[in-house]
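Take this structure first; my questions come after.
To keep things simple, chains are lettered A, B and C as they appear, and every chain counts its residues starting from 1.
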Amino acid sequence: MEYSRQLIQYALSGLSNGAIYALIGFGFSIIYNATGIINFAQGEFVMLGGMLTIFFLTFMNMPLIPAAILAIAAATAVGITFERFAIRPLRKATPLNLVIITIGGSILIRGVAMLIWGKDTHALPSFSGNDPLYLAGATLLPQHLWIFAITLVAIIASRLFFNYSIVGKAMRACSYNRRAASLVGIDVRKMVLLSFTISSAMGSMAGIIIAPLTMTSYDVGIMLGLKGFCAAIIGGMSTGIGMVIGGLLLGILESLGAGLVSASYKDAIAFIILLVILFVRPQGIFNTSETERV
Amino acid sequence: MTMTKGKKNLTTFLFFAIAVLMTPLFLAGNYLLNVLVFVGINTMLAIALNLLLGFAGQISLGHAAFFGLGAYISGILTTRYAVDPWFAMMLSAISVGGLAFIIGFPILKLKGHYLAMATLGFGIIMYIFFNETVALTGGPSGMSEIPNLLVGPLIFDSDMKNYFLIWGFTLFIMLLSINLSDSRIGRALRSIHDSEVAARVMGVNVRFLKVQIFSISALISAIAGSLYAHTMTFVSPASFGFNFSIELVTMVIIGGLGSIYGSFLGAAILTMLPEFLRVFQDFDIVIYGLLLILMTMFMPGGLMSGIRWLASAVSSGLRKEPD
Amino acid sequence: MLRLEGITKVFGGLIALEEVSFSVEDGTITGIIGPNGAGKTTLFNIVSGIYPQNSGNVYLGGKNISRFAPEKLARLGLVRTFQNVELFGQMTVLENVMVGLHTKSKSGILSCAFKLPGHIREEKYIRERGLQWLEFTGMVELAEVTAGNLPFGKGRLLEIARALALEPRMILMDEPAAGLNSHETIRLAALIRRIRESGVTVVLVEHDMDLVMDVCDAVVVLDLGRKLAEGTPREIQENTAVITAYLGES
């Protein structure tokens, strides 16, 4: 009995982490589908979400919700600036140069964060208190519910956007065939900008909702970004249900591994999974697109 | 023409080597000597990375892991199992090179950002391993009392002696790399960087060559790690993390991809700058980020290309003098 | 020399090539022509090992080379040039050609790093041969120029020189005349003839009809992934099906 209760506990915390990874992974997918590049700085937007919210909360004495919204807006602004200055001018760069510049950009964001906020870890208060709830024999914090709820809303919103709105469909068109998309009048550059906007917004939001559970500091971006990338890879860079499953799968495997095998190697588990997937099936388990360069 | 170019390379190298070997004579007892020992180690690491990144064009964000593995394996073998330090260094180099060879095949199938992420992941896995496997590595507090290297009665336990030890190795690696650069293999590597598909069509066994250079790069890094362990007599995981991997990439970029002397320049600058500008330490991450972006955008050949340009501008200016 | 049997290639839902079969005679110049989207470059990519066909076989000198990797084909004497010239832009013109001699040399990493005598001798040989090939294509003065800085026409020439350095039995040229002016095209035609005279079989994909009709011994016409016609340039020019397919084109 005790054992199954523990398993459920692991599964539950794995699901909530997984939801975060899925949100971050969405960010990677959206940009990858629109531009073909991996946004190395995605993790930094996650970090900015949490850190900026704390900043607005403590230094500007804003209540939580406006602080969070302002943080998302600010992080999105950084994302747009990043696209403008680091990505757009790079259309002609060699692939290697592109990789290095995006890495440099992400490090720059992290470095500036370190300058502004130092190396300390900070805590963001939970959205609605810390009284634990009990579900199927496992303990749940209200924050977990917030994570599930917000992730669900984000995914539904994204499905609606990509499947039913004109702009969303335009973005999908770009990801299938840029040339054709621009020929039918879609402004590809605007779509790229939009992809960065959505990704940084989603990423920063993910950072805000996880921050109350795990402390946040200037360098959480690397780990979270890499794990979100792993979720995106498992999900085959899709912007649909595949991504969600990718994230949840990663979260659960990580949590079970940490609980059953060893807690101190928890992060290593996620990255070992990442390497295994990249080695064995880099197109992911839920591959949607089928592109071939002729 | 061939003889002249080869001889020119050799002469330049000899000048450089003599300059390096004579420097300590002016710096006995100076703190700078200690810094220059680290410049030597970082130069070796930067060159190792350059072979992979500059020549073959394959990004690695986890090279600190090979450095750390070399250091820890040497440390563990010599402190726990009383293995002779030189033998331990050899074992360490071969096993790290072998490990890199094995993971090289799957990892180098990846390209661009995927390869960057995979090497990043590998680097972090190793870092976590160094930190958490306390029984083996001593965990975050590190491993101490690593013996110095010795050759007969000569024990390498002072800055002066370590300087010659480290730079002896580094100069040797430099020479081999310079030779490699202007050779059939060097051209094959650079062809992979410029156009993998054309390289394959020309008969270059791209897949195997990438793995070979990856494992040689790891092997050299491991040797640097062993030397580091025996010089410092203490190692801790903090020196082998993601930040150092980025620092190495920045060194190679500043110096110029594919330039061996450039790697020395990059290593020298990034090792000495924090010593002379304490302020640098706070800004270091921002500076790395900026350098990576600005150098790649505006000076993709690194400082060496800038220096070469300057040199040719000066010499053609001088030639125009008599009017 | 080269024989294709029933080559079919499907990309997703698109049939790029369907049951394409033809032969190329030793020591000839064969042109592959067809409207855009006919599958010409796909065919080249399959023959040169860039990706495999879905069904069918390719034979080089009687040997089945289906699914052989480009590296392996290089050692069997098959080489190609690219539509978007794939030069080693950061290396000099001479160094590019020297890479073409990769299969004609064998110094390994250790030999090169330690500058063993075998390597030194080989380097000399590679350099001299490289210069000879530059002479053959008339580019010797440009030997030390960085390849990325070459004007377009010279870049194409360099690719050919590099491919010849491999001493191939057969060279596939993907649109060698694209982007060349009429003067350069005439020199290209002369070069292609000289290549044939040296015993190398040439297959080229081309849009420039004047060049094809002038230089080719045989022509294969593709349209929408299928072989439409095959024969001498004269026969092709008079083939009504070909004319219809090209309606509106030169």
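We take it that a residue touches a chain if its C-beta (ideal position, glycine included) is under 8 Å from a C-beta of that chain, and two chains touch if they have at least 3 such contacts.
The structure presented is a predicted model; accordingly, all values stated were derived computationally and were not measured.
Taking the mean of C-alpha positions as each chain's centre, the chain lying farthest from the centre of chain A is C. Nearest to the global CA centroid, when each chain is reduced to the mean of its CA atoms, is chain B.
With centres taken as mean Cα positions, chain C sits 40 Å from chain B.
Look at where the CA atoms of chain A average out and do the same for chain C: the two points lie 46 Å apart. Look at where the CA atoms of chain A average out and do the same for chain B: the two points lie 33 Å apart. Taken residue by residue, chain B touches two or more other chains at 193, whereas all remaining positions touch fewer. By the touch rule above, chain B contacts chain C in their complex via residues 1-2, 6, 176-177, 179-180, 183-188, 190-191, 193-195, 197-206, 212-213, 216, 258. By the touch criterion stated above, chain C contacts chain B in their complex at residues 48, 50, 69-71, 73-75, 79-80, 82, 86-91, 95, 98-100, 102-103, 105, 107-109, 112-115, 119-120, 122-124, 126-127, 162-163, 166.
On chain B, the positions that touch chain A within their shared complex are 57, 59, 61, 106-107, 109-114, 116-118, 120-122, 124-125, 128-129, 132, 193, 242, 246, 249, 253, 282-293, 296-297, 300.
Chain A makes touch with chain B in their complex at residues 37-38, 40, 86, 89, 93, 95-112, 114-115, 222-223, 226, 229-230, 262, 264-265, 267-268, 271-272, 274-275, 278-280, 282.
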